[in-house]
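What follows are several structures.
Presented sequentially are two complexes of chain A, the first with chain B as partner and the second with chain C.
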Partner chain A sequence: MTNPVSRREFLNLLGAYGGTSAVLQAGAALGLMPGASQAADLSLLNMSSKGKKVAILGSGISALTTAWELSKAGYDCTILEASHRAGGRIFTVRSGTVVDEIGNYQRCDWDNEPHMYFNAGAARIPSIHRSVLSYCKELGVELQVFVNESKTNWVQDDAMLGGKPVRNTDYSSSMQGFISEMLAKSLSESEIDSSLTESESETLLGMMRTFGDLDENMLYKGTVRAGYGSGGFLDHGTKKDVIALRDLLETRLAGNVMVTTQEGTGSGPLLMQPVGGMDRIIYGFANRLGDRIKFRSPVTAVMVKDDGVEVAYEQNGESQLLKADYCFNCIPSHLMTGIPNNFPAEYTTALKYIRRGRAYKAAFQAKERFWEKEDIYGGISWINAPIQQIWYPPHGIHLDKGVVLAAYNFGGANFTEMTQEQRIEACLMYGEKIHPNYRQLVEKPITIAWHRMNHMLGCAPRWARNRGGWSQEEEHLYETLRQPVNGRHYMIGDQSTQHSAWMESAIQSAHYALADLDQRVRAETA
Partner chain B sequence: MKKLITLTTFMLVAVCNVAAQTVDVGVAAATDDRYCTTCHGVEGRGNIGVQAPRLAGMEGWYLKRQLENFRAGIRGTHAADVQGIAMQAMAVKLSDASIADIVSWVSSWEYIAAESTVDGNARRGRTAFGTCAACHGADAQGNEALGAPALAGQNDWYLITQLKNFRAGYRGAHREDSFGAQMLTMSRTLTDDQAIIDVVSYINTLQK
Partner chain C sequence: MTNPVSRREFLNLLGAYGGTSAVLQAGAALGLMPGASQAADLSLLNMSSKGKKVAILGSGISALTTAWELSKAGYDCTILEASHRAGGRIFTVRSGTVVDEIGNYQRCDWDNEPHMYFNAGAARIPSIHRSVLSYCKELGVELQVFVNESKTNWVQDDAMLGGKPVRNTDYSSSMQGFISEMLAKSLSESEIDSSLTESESETLLGMMRTFGDLDENMLYKGTVRAGYGSGGFLDHGTKKDVIALRDLLETRLAGNVMVTTQEGTGSGPLLMQPVGGMDRIIYGFANRLGDRIKFRSPVTAVMVKDDGVEVAYEQNGESQLLKADYCFNCIPSHLMTGIPNNFPAEYTTALKYIRRGRAYKAAFQAKERFWEKEDIYGGISWINAPIQQIWYPPHGIHLDKGVVLAAYNFGGANFTEMTQEQRIEACLMYGEKIHPNYRQLVEKPITIAWHRMNHMLGCAPRWARNRGGWSQEEEHLYETLRQPVNGRHYMIGDQSTQHSAWMESAIQSAHYALADLDQRVRAETA
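Here is the complex of A and B:
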């Protein structure tokens, strides 16, 4: 290591962010598991004898949840879906799947094997998403562990070490070591020391030594945690060379690499996925709902009346009218604004306010599981390039082929506006920076630009315009949108939540609306 | 015995796969190129949510010309023309037959004037509109002989975006876009954003 960051520089940095007293005061909420959700016990009043009709618009997971729960409670449900498939942004691509992107129609021709799929939308189930897990159990959807973080994966940035990819473990172990070393040094400063008792200092120092694998002088000199430079089994292992801190700091990927695992926000080390693809959950609902789901039936008008909701739609070129007592609507807000309705002005303002998120994914069929030859069996490689991430399937280990996720870009704008050929070339070009023979090893690309997908035109909805959080106006519009119109029409889906992009949020939006409905029908029948 | 177990396992997996997909939601039929309403709203009435303008009431000759311009890359290829780029990606796939089919389909939609969303100074806008009227007509009803489409009844937010695009050279700068070139020149008589809002506010008063 050359030119380490000095203790003084580091302490100044700490001070800039509030210093130790701020650190010591934080943590009042320890003991709570943030974000943990309760699987709802809806206990809806059974309405079998009442003949209540419900129109459900769209067939995302919030809509299917609603249809399933209301059907169990004896409501007569009809689900209107504009496209050829159910599930919305829960979409698994496998042999034969059509990707209905406007202007870029694709049909997947990967090998027809159970493990040859890729989840183009929702892909991970955290252990704290109890509603999702509860439906998986109820619907008999078999789950398996999904590997989100694997330390043998790569980190690549043209700005770091001349663009040479390094193993995640080399990066993260070294970063952990240097952070520990600096914190250990800073503990001798009276400023910090005075804030801690002797016992607390000893505990912290001991932890720092273990955390960073520091030597007896509390210095980081490399660690075998990153694997051995040589030996390790028949012979004694030797440590690898240390990557200098200044080299580690050349990449802004540090944040991604160091905090991939965040149990509370949904990316814990233990995540799950349905065996065979995320759409197994959708099939679980859809098979039970049967012909209650009407495909290729776009909604053309939603009119809320005093005693119900009238929904106009098209089917086989014919106009149809569905008169229902209640309506649950998960049509994306930015599409609902193009459908005639008689919603109150403020409700429409809220619909217009939500912006459609951009996200982009791509995948290849790999002719061989080349990552396994590099000691990788799942997880993410991080790259500072528009593709951002490469994911390797944790399923199908040691089989001949696999499907590799070639890009996952949250912004997605640059990919969306490329032609299919340009998208593919970008995936190959950046992928080659990590896997030298990538271009020869992969084939049959599929790209998913959610901004262009027919009947979707967007990914996770975005409410807050500022990074700082929700404004008062946004909170107000949000509350407006999740109140029913006339007690008859409910907007659902992750657009009606404050934590979009998760299936759990979408399901909870449905539960929230169902609880409101149940309260109303109980009041009426009392 | 081992073989039998393997076979049974295989059959079970096969049965499960079939059972899991009894609802046929995996096959799309792209029988035509009638994607318009996903973006442009029910019966092409426009959708502010995705900034896609009203098509209902648009003249067939103008719609055809624009689709052909998009297809040829004469429109919708400037990096700053965000909505144009989205349209271009679709239009580039269209055959002459698809364009004819779309023009015919759009002509079947009822014209309903778009709602007004801007509140500029229509009186001032009326003065500025004098220049526009020469081609687009005094009532903004359009003039096919001059290649100028109707403006009355169009989404005002769309007119504003297009005027800004013309003025900035995001639209109309392609050397084969002769009508666009005229608009690019004329749009620069509107010297600031307020002038654009004012003239569009006046056009709003002309809805047929």
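Here is the complex of A and C:
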């Protein structure tokens, strides 16, 4: 380097780059963290319900899980849902769907075809999310493979190569090549690890050569792994031009491209999606629960009594009271604190502590499947702009049209405070940087700002203020919220977990609460 | 290192490891090399056929492509196929399928369900194989995403960790961690690249930290990207034990795991497969070609005349003669040289030069989808044993049974010279190293040794003797075979390409020959 960086210096530099936070964010967004997921072993079916009544507040997947399991065990469940639909952030937009963002009411008028949908919330089921998969199986929800990462897709950053988009494969093959070349050079020049034997060094060097596709001098001179510049089938293939390391380093998307590539869901845990939309899971539950779900029935008060819970709610403009033995509540914590209740002060403190994310998504109906003409059949294109990602559907291959996800980002005040027209223009303007005729190829935009969605006003609950870990106070508040009030009122949902924004967490929160209930009821009847 | 390896030494060591050949093999097997594929722009429809007759020998996909394109243009095509079925190495095994391996006749008796099949030959369509995809679209062949690589899957080598299988994700996350740590160390200690500025170094180091999930001291201390050791949803996740670099280096599968991971088809070009089996493409052609295909009609002589081609063949025990204006021939070169013909000597020399591969595959009906209980929903497990790979189906998720690919390897005299019983025992014995109850979970084996398959006796034609590149003689012979004999007889198929064992190549060989014919016919009529 012109200015060699000392060990101390480069550790400081990392702060500027944001190494750890980038990792954490990527991990959280892609659901990679969990691995040892275990669906709770519920044996409620063996439990006598004694005709007990249960009030379930909200109809997110934690609520539906609770209602389904308790109904199977003979409990008398009533689910109160404030909005016109079940599922919360499991929300699929298709022809006719109403998007009830406050101040930005939208009604989707895409072609009415099974493949023309957009999962505006949950969109991916990792193969290690056993509880979700278990319910898909139980409810008969057909699954198909989802594509998160495809190297044919684009990476675009105005700061790199004059803004010219490059194929992910060209970027990541080149980066791998340079990483391997640099490491091989250092291995050949110094004792990188004094514990390695000659045979181990041999294997490591061989692997670096393979990993980087280095030449016989252990140098990266381009690769045909990323595709040929020309030829390849009938004629000898030529290599594409090497993208210089200097150019590769111009973009801060390197982490997204290189880590998503490897840890992401394309090559991490396999991802799946229900055929026809994520809400197939919601309908799977809801169809079985039938009229136990009361729609347009907002809760107006929750009072925990010694022998049960009383829930006041509105229905058809009239106040109703639901008396139940137990209550399971997945109303978003920051909304729940505004509803009259008699929770203990510490419980309320815990509810108030949880912050909410501001993720947004947008989608277009594409008049033609233009990405397929670019050899793209699914997965993400990355762009260093507020839209951040463009997703192409891995379903409906070769049909006439498709739905393209036009933006997916977190915490985007810059985007979500725009008017609908401004949002759409942003999607088009940034999308054009990757797909030249984008503006002409897409139509009928839908945008979702989760913190403006009616009855939700936020997403992705977060406990820890500090990325470095949980404070003692946070641990305490979390445990407080996990305990039922008076043994009667349970807070459930991904807000009651340490890994929010995933269906698996929400379901596990329900299982955790149900297991607690189970113990209490068994103790009572023993 | 205890014995530091000099630059010269480590280059020598690479020979022992087989760096380049490993890369080439992986690339060829996964179809990664090509990228700039362009479907030929055929305009035969504009060409007057003048009722010309065409003899097409063999019914591989190059033959079917030729017949389909020429039929659309009004040519009178006859396809002579020696066996009872069309498609050659595009061969899907399902209930009732006859596997006519010589001396090892098998009839498949798996459950008769749409998802219970096994693509014994071609199995993957990369998103960059435009010609194949174009025909899928034209023929209405429904496609779905195929999974090549899934990090939940297993890596097993008796030489590593006492033979205990490890998850691909544990292996590759650890290897990435150590690579990043070593590179970061060297970057902090030396001028690795004097052309990098401080800002570029910062970005590179940040990227290595993200890539390897290093700690604040730029050391790899394990990761939760590979999943938690425990917890993760409701409780804090713990890291799994780190696999020591020394252990990671014990297996020669490192290249397969690390490069497939990144260049492979899971995260390389997206892979697809036809819904219901690869032979949906063959049926797509064959149903349109109808009785133009003559089955059980082996060719017995090919004589090129001044004004056409005469093809003798057998049908129902009787000799027949087919006189045609043109002939397109995809009979495997090493079989064609044994059929009487009047080809020029150099043409025959070229035909004889091509060697054939000996790939084999095996498959079982699984009595239950045991892999799904291990969080696996598709993709490859790698094993350092003659079976080499186990594939799990990405289709039929959560149904009762499935077909598991039990072996896939190349050049396996050790396997294919075994009796059927010995092959099956090998599949079970090695499979048990990954899945403890494998032997009890699978049944009804099918094995395919392509160099013993009737009417084929080989697969994966290869021109170059030397992995380093083509000799001048090889270039010459290749060009010789690409020219039609007397402007009348064309050799087609992947044997007439530089990238064998892929459908795309075979189709492009047909397009190349058709474009040549087109020019000749236009010249004639001009």
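Note that in this section the second predicted complex is superposed on the first by the 474 of 526 C-alpha atoms of A that agree within 3 Å, B and C clash if a C-alpha of one lies under 4 Å from a C-alpha of the other, contacts with A are read in each partner's own complex, and residues count from 1 in each chain.
We take it that a contact is a pair of C-beta atoms (placed from the backbone, for glycine too) under 8 Å apart; a residue touches a chain by one contact, two chains touch by 3 or more.
None of the values given here were measured: they were computed from a predicted structure.
After overlaying the two complexes on the shared chain, residue contacts for A:S509 are found with chain C alone; chain B is out of touch. Contacts of A:A350 after superposition: neither chain B nor chain C is touched. In the superposition on chain A, A:S186 makes contact with chain C only, while chain B stays out of contact range. Looking at the superposed arrangement, the partner reaching more residues of chain A, out of chain B and chain C, is C. With both structures placed on the common chain, the touch criterion links A:G96 to chain B but leaves chain C unconnected. In the superposed model, A:E417 makes contact with chain B only, not with chain C.
Of the two partner chains, chain B is the only one that A:P340 touches; chain C does not reach it.
Using the contact criterion defined above for the overlaid structures, shared-chain residue A:L322 touches neither chain B nor chain C, since it reaches no partner.
Contacts from chain B toward chain A in the complex involve residues 13, 17, 19-23, 25-30, 35, 37-43, 45-50, 52, 85-86, 89-93.
Contacts from chain A toward chain B in the complex involve residues 82-87, 96-98, 100, 102-105, 114, 276, 280, 282-283, 286-287, 290, 293, 295, 298, 300-301, 333-340, 351-352, 356, 417, 419, 451-452, 454-455, 457.
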